[in-house]
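Heads up, the next two complexes both have subunit A, just with different partners, subunit B and then subunit C.
Then we have the complex of A and B:
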């Protein structure tokens, strides 16, 4: 079994043979011990992954004294007032709402604009098609950091625009959402272009012959057919935008405009190691529990969405 | 409704890779294409393309942002950058992130993924270890969290004992009191804590990624290896690894690019100056500091260009690696 050029019919893999009466080679006492050892490693990593999260969740229900004196114990009573302090005194509530506003604008807009551009680039021949496509996709290899300085000034100067200016500029949720949209374009367009290309031309022809306009074809036929792809990339963008850190740090510096991850981090940085730990942990739990719950409910889709970029 | 000849289009059905639109799709095409591309292109050009182009120019000026004047100074910023010791500290840390984090993360990911999929040799042949399904879900937890949230969490995990730091508490619990440290306050350990956290955050991603690749390997290859008396390690080395090698390579590039951005973790766990003695500095944090704390925009943009060059090097390495032969099943 040292060959690497295995010539084999493609899957489906045949079902495993029924248990053979005799033990195969390698399934002896030693193998049993190895099974146990490997299982042990798996368990240890599962603990390493979950214990910090569990610790944060348990700590968020303790008093500050309990937190210091008995880090592993359960709280005597569940201190929900930690959450109240985090939500209002520490402003986490405001940050949470800000995050919801930004993501509610940015994700639908990313999906719509990304799908429009990808669809046209995938299915229409016109001069410059390749230039526009590689213009979008090329953005994937540029580090965000290079753009930060000019981006700050581009966004700041938007406030001088007539009419729209007062809604844009620094510390505007709309601006931040538009910046998210722009930086999500490369991957969204790349992913959805591949998706739209696989759709059969015959359906497009048939729809047009039935009197469908190009717009109708897109919104009523192509977009619904691309639903699986839209869900994957949509989840990818929801998590990416919700978790974004560097862009809001640069573009949102007014305290009451901050988004959740940024606000929580600012709180941790300014508070340091002395202060109201349990309120901070309550804030942490407010930030991590919703995403974890969404993930547990939609594990398959989330895993597929987040790994899609590499697998393509 | 116009009658058009669809017969020549029929053969395109099988291979729709680049569909050539028939006459029906040509009608009113130009306006439609323009309408659909205009807004995405404007937003993308305004917030992504134009900043990148400007940044490269700004890196050649002495712009301090507060004045309107941008004097062209050639490569002065780069010369100053290469003479700055702090830049080399940050660059060294970025290289560590690019090399150490992917190697450890991918190795752990490969190990756990092979355990989950083919780790157990039981009565019914090769199967995953007990509880595989649960592990696949649990290992992925950190991936859905913001790096900022992870940074905050581990800032307190590694805190000194008197501030409730649970890592020190754990060391005490297993009798290793002697090893307790103010982890993030010591220049020798601070940056390595960031490395560990980054590995913690990404292993699950590779478990899921490699699991997907391993599931497409027919089980009977493993049955055959088992019957031939091949040991687990040999099976892994000569069956599993070659068959997922493609995914490993892509994964390495992805991880290296992800790891380049240590900004959130370093900023939150170690602070804006890069931790004790500034030993944990990375280029992203150095760039942010130069730009938004000292308003040296030209200098900051030069750091950005260095980051771009690093990314391009990784991408080129990747493309060369990707050209190698694949193992086809």
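Then we have the complex of A and C:
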């Protein structure tokens, strides 16, 4: 506040600029060319990703003769027996169930632990917060291959634990799931920390005023609010765990415990001698299908999750 | 229902020696609507958050009724808060938002529904109970935030600039709604705002804060009629009071050739030789025959009901020698209120005479009001 408030008369307005015919950015011929380039690029990209997929799906309905004589053509009739062969003869069914079991344990566990860790790192200030956070972030650059040999021994020794030992050790779905959880935590925590940081403090304060405990605040307010982020990262983990190959190769060597990726690899190797290509493609489609369905179902939420920081 | 007492309450922020709230002593009566007002960073929000328990209290104490709450967690203080951005839970319906506290308190479902219904009815929210906050307008969201506070039937309401996200028209409407709602419910309310019009229109009493220090706490009329110091005088009232530094001689204080007489009590209270003369825009009489301070109209602001004239005085207004650095701020200008639709023109010459009862005198050294 000044002692008296007086506005001086405004200075005369500058002479209006002559209307210019210049176009703003994003308007006119230049933008058209840009759109074409954009669209063209997207189209090429889409073809690169979908065509092999389509080819695999089409091939899975052919007979082996059709496949070898005319790899690019359409099948005469749809051969569903390829799928039956893959499912039962090549044991894909068993592997499929194994994969489902492992992912059903590993993904919820990753999400629960990841979300809890990320929430605390994002919203509570305590000594060592940054150290823990960078510990997780550092974990992202640690390659799986470097850990394989020690991991094998660690997991093998897990069976010597009292009580839990009989559920763990090599060839245990639980062990494999726990290893998946360990390897997914860094990125999950990294991603969700950023997500929880964007959530408005005042909502947390409102919940505290409403009488929430720290756990209530997390499970009743913050976690539901983070749903888009949870879906994105959850899907990312489902994909990663479902397609995991090298870890099960090291940790699961009993035939009836193997997961889908191993089964497909076995199927592909055995093709060298038996030449049942269409069954291989059928197996591939079986492996692909759940991932594809999940992705299509949650596509909107994934987009929302990835752009959540941008909006607001 | 309860009184609220701040007893020398202070709050220091980490890495800052100066307290955000400094030795605050404040008594809020049972059922009173108290407004905390001040410029940004004056500590008004911090004060509110200290009461709510979202901010710690470093010194002193806060009591609600007879109960000391200084170190109680927010949920045990029986306080409801309305936030500036409403802070509604985006994943819950309006009904769930309003009833969240009751749900946490494990109130039976039927009773809860009844309480929600009651609050919704009070705020005209019944048609929206099943909607999510994202599907509501700004005014509706604001009402949901109010509903969330009302449904708890707390001892104290805390409101942190609840109207600042509304557009101007809705703000004026909601202002009266909140004030009348509060009178009807009779719940002690502390309301933070930076808008002095809101403060004056809503509060039973208004507390003006500056730099974490309470300047004055009084009724709107008391605040407007008898500002305790220069800051309050300049802060309350729009347009602001004209504050003119003046030298005191044997007859009185000199402004622009006019003498403002001082009472003996005022003289004895004076610490130096200078005073600041304060005259509100409505405290001037406009004369045209040249017997007052000669001035020229620079800008005319027509509001319809009133007209504000921004006049520059040709003569030196202040009778105190100002430092060269202050030259730019040395007042040569005076704001004057004239009746609406008056025929004043830019460039017109007028003469200003302060009305005898409308003069406020302040000590130039301390800034305090001199006794009347």
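Annotations
The criterion applied here is as follows: the second predicted complex is superposed on the first by the 234 of 312 C-alpha atoms of A that agree within 3 Å, B and C clash if a C-alpha of one lies under 4 Å from a C-alpha of the other, contacts with A are read in each partner's own complex, and residues count from 1 in each chain.
Keep this in mind: a contact is a pair of C-beta atoms (placed from the backbone, for glycine too) under 8 Å apart; a residue touches a chain by one contact, two chains touch by 3 or more.
No experiment lies behind these values; they were computed from the predicted model shown.
Of the two partner chains placed by the overlay, only subunit B lies in contact with A:148; subunit C stays clear of it.
Within the superposed three-chain model, A:255 lies out of touch with both subunit B and subunit C [touch as defined at top].
Set against each other, subunit B and subunit C touch different numbers of residues in subunit A, with B touching more. Within the superposed three-chain model, A:71 lies in touch with subunit B and out of touch with subunit C [touch as defined at top]. In the superposed model, A:216 lies in contact with subunit C only, and not with subunit B. In the superposed pair of complexes, A:200 makes contact with subunit B and with subunit C alike. Of the two partner chains placed by superposition, only subunit B is touched by A:295; subunit C is not. Using the contact criterion defined above for the overlaid structures, shared-chain residue A:136 touches subunit B, although it does not reach subunit C.
Contacts of A:224 after superposition on the shared chain: subunit C is touched, whereas subunit B is not. Of the two partner chains placed around the shared chain by superposition, neither subunit B nor subunit C is touched by A:165.
Residues 1-6, 8, 200, 202, 205, 208-211 of subunit A contact both subunit B in one complex and subunit C in the other. Those residues of subunit C that touch subunit A in the shared complex are 52-54, 74-75, 79-81, 83-85, 87-91, 100-101, 104-105, 148, 231, 234-235, 239-240, 242-245, 276, 298-299, 310-312, 329, 331, 333-335, 346. By the touch criterion given at the top, residues 1-9, 200, 202-203, 205-212, 216, 221, 224-225, 227 of subunit A touch subunit C in their complex.
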